[in-house]
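Take a look at the structure below.
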Amino acid sequence: MEMFTSIGLNHFLTISAILFSLGMFAVMTRKNAIVILMGVELILNAANINFLTFSKYNGGMIGVMFSLFVIVLAAAEAAVALAIVINIFKTFKTVDVSSVDTMKE
Amino acid sequence: MNQLTLSIIFYVFAAVTVLSAAFVVFSKNVIYSAFALLFTFFGVAALYVFLSSDFIAVTQVVVYVGGILVLLLFGVMFTNTIMQTDLKTDVLHVVPGTILLLLMIAGMLYTFYTTGDWMPGDVQLQGSVVQRVGFETMSRYMLPFEMASIVLLVALLGAAFLARYDNAHKNEH
Amino acid sequence: MSEYFSNIKIGATTIATGMAITFRHFLNAVKRKGDAGIDDADYFKQVDGLCTLQYPREVVPTPTIGRYRLYNDIEDCIGCCQCERACPVECITIETIKTTADDLAACGKTSGGQQKRFWVPVFDIDVAKCMTCGICVSVCPTDCLVHSPVADFSEFDVKNMMYHYGNLSKIEAEAKKRKLDEEKAAKEKAAAEAIARGEAPAAKPKPAPGPMPEGGQAGE
Amino acid sequence: MQELGKAELNSTRIIRQDDNRVVIEKDLDTEYMVLSMGPQHPSTHGVLRLECITDGEVVVEAEPYLGYLHRCFEKYCEKVDYPGIVPYTDRMDYLAGMNTEMAYCMAVEKMLDIEIPRRVEFIRVIVSELNRIASHLVAIGTYGIDLGAFTPFLFCFRDREHILNLLEWISGARMLYNYIWIGGLSYDVPADFKKRLSEFVTYFKPKTVELQKLLTENEIFVKRTKGIGIMPADVAINYGWSGPMLRGSGVDWDLRRNDPYSVYPELDFKVALPDPKFCDIGDCLARHVVRAIEMEESLKIIEQCLDMMPGVDGFNSRVAIPKKVRPKAGEVYSRAENPRGEVGFYIVSDGKSTKPLRCKARSSCFVNLSAMKDLSRGQLIPDLVAIIGSIDIVLGEVDR
Amino acid sequence: MDNGMEEAGNIMPAAVLESKAAYDIIRGRFGDAVSEFDANPTMPFFEVADASKWVDIALFMRDDARLKFNYMACLSGVDYMEQEQLGIVCNLESIGHYPHRIAVKVKCRREGGSIPSVACVWHTANWHEREAYDMYGMTFEGHPDLRRILCPEDWTGFPLRKDYQVQETYHGIKVPY
Amino acid sequence: MDQTLTGFGTVFVFLLLGIFFVVAGFITARLLRPSRPNPEKNSTYECGEPAVGSAWVKFNIRFYVIALIFIIFDVEVVFLFPWATVFKPLGVFALVEVLIFAFILILGLAYAWVKGDLDWVRPTPNIPKMPELPNRDSGRVNG
Amino acid sequence: MGLLDANISNRNVLVTSVDNVMNWARLSSLWPMGFGLACCAIEMMATNASNYDLERFGIFPRSSPRQSDLMIVAGTVTMKMAEKVVTLYEQMPEPRYVLSMGSCSNCGGPYWNHGYHVLKGVDRVIPVDVYVPGCPPRPEALIGGLMKIQELVRMEGLGISRQDALKKLAEKSVDAQQVIDQVRRATA
Amino acid sequence: MSQSISLNTWSDALSGFNLGWFPLGLVIVAAVPLVFIALYALTYGVYGERKISAFMQDRLGPMEVGPWGLLQTLADILKLLQKEDIVPTAADKFLFVIGPLIMFVGSFLAFVVLPFGPAFIGADLNVGLFYAVGIVALEVVGILASGWGSNNKWALYGAVRSVAQIVSYEIPASIALLCGAMMAGTLSMQQFCVAQSGPYGFMHYYLFSNPIAWLPFLIYFIASLAETNRAPFDIPEAESELVAGFFTEYSGMKFAMFFLAEYGSMFMVSGIISIVFLGGWASPLPNIGSFALNTMTSGPAWGAFWIIMKGFFFIFVQMWLRWTLPRLRVDQLMYLCWKVLTPFAFVAFVLTAVWEIYK
């Protein structure tokens, strides 16, 4: 019971692990490029949770700063990736990565 | 607020996060995925609060919900012919994927729960995170800070170019 | 570049002008335009301020020639059917019965002193159809058909908008008709007799001696 | 089956099938949306329907659909005698009843060849100019609403109310007057009318200035309308545009001057033309400005008429009204300058009946609106709204 | 229809004289394709006898430097019941060039008749012709988009024909009163 | 319990209460309101016409570009807010740092401006033209 | 199923007072659909405008039927328009009211005899609660009609259907004919 | 930080009050703004808007429902409660329902950091201002959900326009607020007010004490109009174009939620602007000699009075603008945002920074 009531490092790590795996799953199995992007965002979020968890339980600022930069990167990544996805869509009329793979102009 | 309340709230948000994330991944409707992402992001932001980084939590809402999610939604709306594709054709390698998913979770959890000694103790983050972030960016993380602006600039240039390239491309025809 | 700034400047000034105007109106909201009708001399006295007329509480009378609900003063109607013919909408229905000679007095005179020669058992105006054009009013020789200034007379049932102005009830009308028929028959008989007698039929039709008493409508 | 539009983005075909349903055949490249604007839409001024084919916010094509207010006016003309048509003409252009009545009466008078007393002519001009102001007030006010400015609309309606009161005072009705009759007027004006009218003119002049400051000169308004919906002069003529629309395109053409009728030749007024410094010739702003100027010109005309109007002594406004209107066989096309442009009546009489054999109303809005499809191509939706507003349609007249 | 106006012929008003001059030019170009000029003072007109020439005449009228009838004021359909004909009457004039005005009539058979469309000459004619089609049922050859304009697509009959009988119901709604 | 958690505890309660308010509103309304759906009532509103096609079409890329530029500046603002709270004690150095940071991003804005990404591309509207003759004998008529 | 759907046969004090409050709310906030058809619509606009200001009664037009309670059929309903009117009416959420403004929508008005394309009264396609006569009705008449609608709302309640209310009102309302007779007697 | 904590005695005392495990006190704290929004939106916001617009248009406005029409909005809401709730068949039920919920919750959550006087604030977060800027994101998603969920063309147009507009104007708005944060050196809303209160009353307000503050003030005001979809930036719900924008399909209570959310966020932005630039609950009256007006008019009750008054003033200006100006077009809106406000915001940013360092 103690394990459930007092929130500790492991709780956060667990959530982060689940998020990460879900993200990985999306990246690996979904064909829709946008869902893949969402998966990537999930992975980044999982990473951020980890950073902040360790930051909190270590007392340093490194994790916080790192997660901040991760967010920056996530934003940049989302912007560029979505632009690419939209371009792919414009060219191939689909955002289905598997078919894009085979279509190759 | 006592410990129990806190735990309950934690579990609520943890559940929201995980369930909505699962929904994002498994939903066949992309627009639902995108809206479920709202709850994931929000839940994660709440977890950040539990990790005492209020600033990052609000940043999460500002950037992820206000920015990335909107971008994703626009992306979905823009490419929405895929909305009709059903789950079967949408998902590749389900079985290996699921196995991998379970393996991954199991592996990671195993590592987390067996490696007890990476917990140096419950040292709380002290002071206002905002101000500390402000100081850190101006001192130790100055270079990354400037680099971030360049990354953003490049991202802006690149993404704007890509979006525009398309228009130029079309006009040629 | 200068255009960029002058644009901003023009935008700001015109917006400020507009806001000044609305604010002036806002301040003027303490004044209220009275309920002067157009024919009052001080109609244009109050130029600024609120102009709302709180209708059910305050009323500005419509002008005297205002054309709203049609009203027929059947006492004055001579049953000439001019209005019915003139109405472009065909929303007046008139049935007339010629008065028999002995009824002339009963039929009465209009207020203008003209002798009425027709009973008007049916004078229906469907105000639901009427477009208040006023043509019927302009052709009425006795000015008995008028537009009243009453404008507000909505109904829950459209059938209520059929206004029956006729001055005879159905039974009365029946009686009058019978009477007329009898008179006609009598006249015809008289004429036939006259022809038989070789007299000129153009003789003035004299009122047939009416054996029918006035109390023909006793059934009422 | 009929192909409607392909426009520049040529991979999608929009097809109207025989049952009048629009089908989009998409080629995935871009997706058009069929957007039905109206018949119940705040900016179509009644029951016009525009079927817009849009690409995002851009209107690829907007096809107007009329007839939602087709009230069989021309049928009525064949069923109702000449004087009985007058109230129906009111209902045609219900914002400018007086003007339409006048156009119709002039047509019949031309057939009958009757002389109209001068006083009647002056009163007719006064009331129709008043009605022109009222109509332009509605046009300007609703144009304000179209562009999001609500207050000017209410100011316009407040002032219009005074005009309605004046007209009700003389004619007995607020909007649909049946005041101008073939050969005369239903009533002479009341005794105080001249005084009240000049008071109105004094009252109204500052209000036009206020309106101008509040709406016409507002930078947002100008930015919204300038350069939008440009119609070149020659095409405008070819489209049969008339009235403020044509003048907005820079054509100096006003029937009151170019085909003078009534007492207009004696009056001194300016044909309103847009100022190229303030607006682009032929755009929405030009048309709006023309209307604003016209209101002021109408005020001038009214003032002059008040001075020139012959006296009352023993005057009977119904003196020239024929007992029975039965024109000689023949046909006539007669028109007048209405607030919205040329309203003409083409009347055929067979000489025997008291009803016309054929009476066609040439409606200005109908003709002006026909350019809508052309004007709307490649506009944004807000601009489309601005264009419809600047055409200032009255559906009663479009559909008749 | 034109009796009674003939006597006035020699004292034509100025406006009619102008129309006459314009007519003469057209007559000179097209000869017998156009009928005699009717010089009535209320609406001088001529008729196009050879309807197939109508578009050419229209173009000529619009573009000829002496005519420049660039403005079509009105196009009305008419039902000539007695002559078993339908027709259109176009009122033309020239804005900004000449003060002349003239009306042109074109007729066709009553049943299944057809008139060439001049929508390619004057934009105005487009909707007016649609309206005439809607009301009278003559077709306009070469019209870009000849559909009903005022009445619903699935309306039966052509309302302004003299022998029009109104339909009883429309989409289940009773039509007559 | 640290300060942050208490503060955000309030936020959480606000969240709950907000949701509660909405849900309570819906429930009350549900108790009161009539519910008589029919196919026509539930049809999509489109000014009285039956709607043609779904509204779910691909949308204009313009909006996407706007969101894209927004996200970049949004992230910038994220950095500037913590800085704003501490820059006074740090003095000129911090100011210069941030000006460089901002300048680089303003470069991005300038780039987007110059390249026209900030303009809402308006298609060139059609200016009406004179009618075109169908191919028939157009040349012949006016010879 | 909400309260307003409920069929309550015994009305006690509570029900009545709930009724009163609910009816008060509905009658004080009648949002008409901004929907003009013809000439009458201009008078409707004039009634909305400053001089008569319908907003005094809390009546202000909404352009979407979803948010409106009242449909003012202002003007001529043509055959082409009739189905659209029905659609729009149907798309309004209940409880909804219809006011027919002007002769045309009452019964075809001036176009009733030869108007082949005119619907002879909007009550042929949708149920009408109040008829406002006039062509066009004066703003006063429209306001009067709206007051009648408010009267009708006041009569409604749990277990009292619209038909009942209308019937009751029709009984209560002074017959126009009686008024005429009164006038006649007075003038005679 | 300590000062602000001591300021919020009341709300802190309340939030410490637990019943069992549940923090009942917090509920009360949270309920106050809720009641406030409801009251404000019901009686003053909408009613005020109608009356003000009426007076500007020479009308009377609501008159018949209650004395001077005071009960008008109450009647409206009560009526909306009774209206049938239509969910179109074509709509996406889930998004259709969740839209107004997110929208309202988002607008309501922003009130957490709004101090209603020195002693009352939901939570004095030390990222308060940033939080207030960020929470708008929720509304954005709510709008998209309802616009997309309606499956109505007008709604979709409205939603997409609205979102583009809100996100665009967030940039100049947040940079302008950043200027305020630079002046105060904090992000806590309470600290803003504390920093701007003092014996000289309004002279302590940044708007009057800092010559540069005018620029961010104006920029934020304009941007806040756009963020709340107020005229002249009301293109998302532009009546004459898009019928009713993203809530075209909403009826009954769901519509009422939008209604409340809209007026709630209107008050929110007015509150933010008065806190950041006009001292929030700080009294504007100066101490003149021994006549200690400022001291007299400070305190919890007065604080609440001042901030609400300031908020109302800005709401009045918003309404005033709305009833004066036509509306902009999408491209002009974007022009104004990206090419006028954003550059000027950066200019203001630099100027403020320089001023703050060298003053």
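Annotations for the structure displayed:
Lettered A, B, C, D, E, F, G and H in written order, each chain numbered from 1.
Just so we're on the same page, a residue touches a chain if its C-beta (ideal position, glycine included) is under 8 Å from a C-beta of that chain, and two chains touch if they have at least 3 such contacts.
Every value quoted in this text rests on a predicted model; they were computed, and no experiment measured them.
If you take subunit E and subunit G together, the chains in touch with both are D, F.
Listed by label, the chains that touch subunit D and also subunit G are C, E, F, H. Taking the CA centroid of subunit G as reference, the farthest chain centroid is that of A. Ranked by separation of Cα centres from subunit C, the top chain is A. More contacting C-beta pairs link the chains of D-H than the other of the two pairs D-H and E-F.
Separating the centre of subunit E from that of subunit H, both taken as means of CA atoms, is a distance of 64 Å.
For this pair, subunit B with subunit G, the centres built from the Cα atoms lie 54 Å apart. The geometric centre of subunit B is 77 Å away from that of subunit C, both derived from CA atoms. Subunit F and subunit G, compared by their mean Cα positions, are separated by 40 Å. Touching of two or more other chains is recorded for residues 2, 4, 22, 49-51, 53, 56, 63-66, 80, 84, 88, 91, 93-95, 107-108, 110, 112-113, 116-117, 135, 138 of subunit G.
Multi-chain contact residues, meaning those touching two or more other chains, occur in subunit E at positions 122-123, 150-152, 159. Those residues of subunit F in touch with two or more other chains are numbered 4, 6-9, 29-30, 32-36, 41, 43, 45-49, 51, 55-64, 67-72, 74-75, 77-79, 81, 84-87, 102, 112, 122, 128, 130-131. In the complex of the two chains, the subunit C residues touching subunit H come out as 8, 15, 18-19, 21-23, 25-26, 28-29, 49-52, 54.
Across the interface of their complex, subunit D is touched by residues 1-5, 40, 42-43, 45, 70-74, 76-79, 89, 91, 95-96, 103, 122-124, 126-128, 131, 135, 145, 148-153, 159-160 of subunit E.
On the subunit B side of its complex with subunit H, the touching residues are 1-2, 4-5, 8, 31-32, 35, 38, 54-55, 58-59, 61-62, 65-67, 69-70, 73-74, 77, 128-130.
Within the complex formed with subunit B, the residues of subunit H that make contact are 1, 18, 21-23, 92, 94-95, 98, 102, 125-127, 130-131, 133-138, 140-141, 144-145, 148, 160, 163, 167, 170, 187.
Partner subunit F is touched in their complex by these residues of subunit B: 1, 6, 9, 46, 49-50, 52, 54-55, 57, 59, 62-63, 66-68, 70-71, 74-75, 77-81, 83, 124, 128-131, 133-135, 137-138, 142, 145-146, 148-150, 152-153, 155-157, 159-160, 163-164, 166-167.
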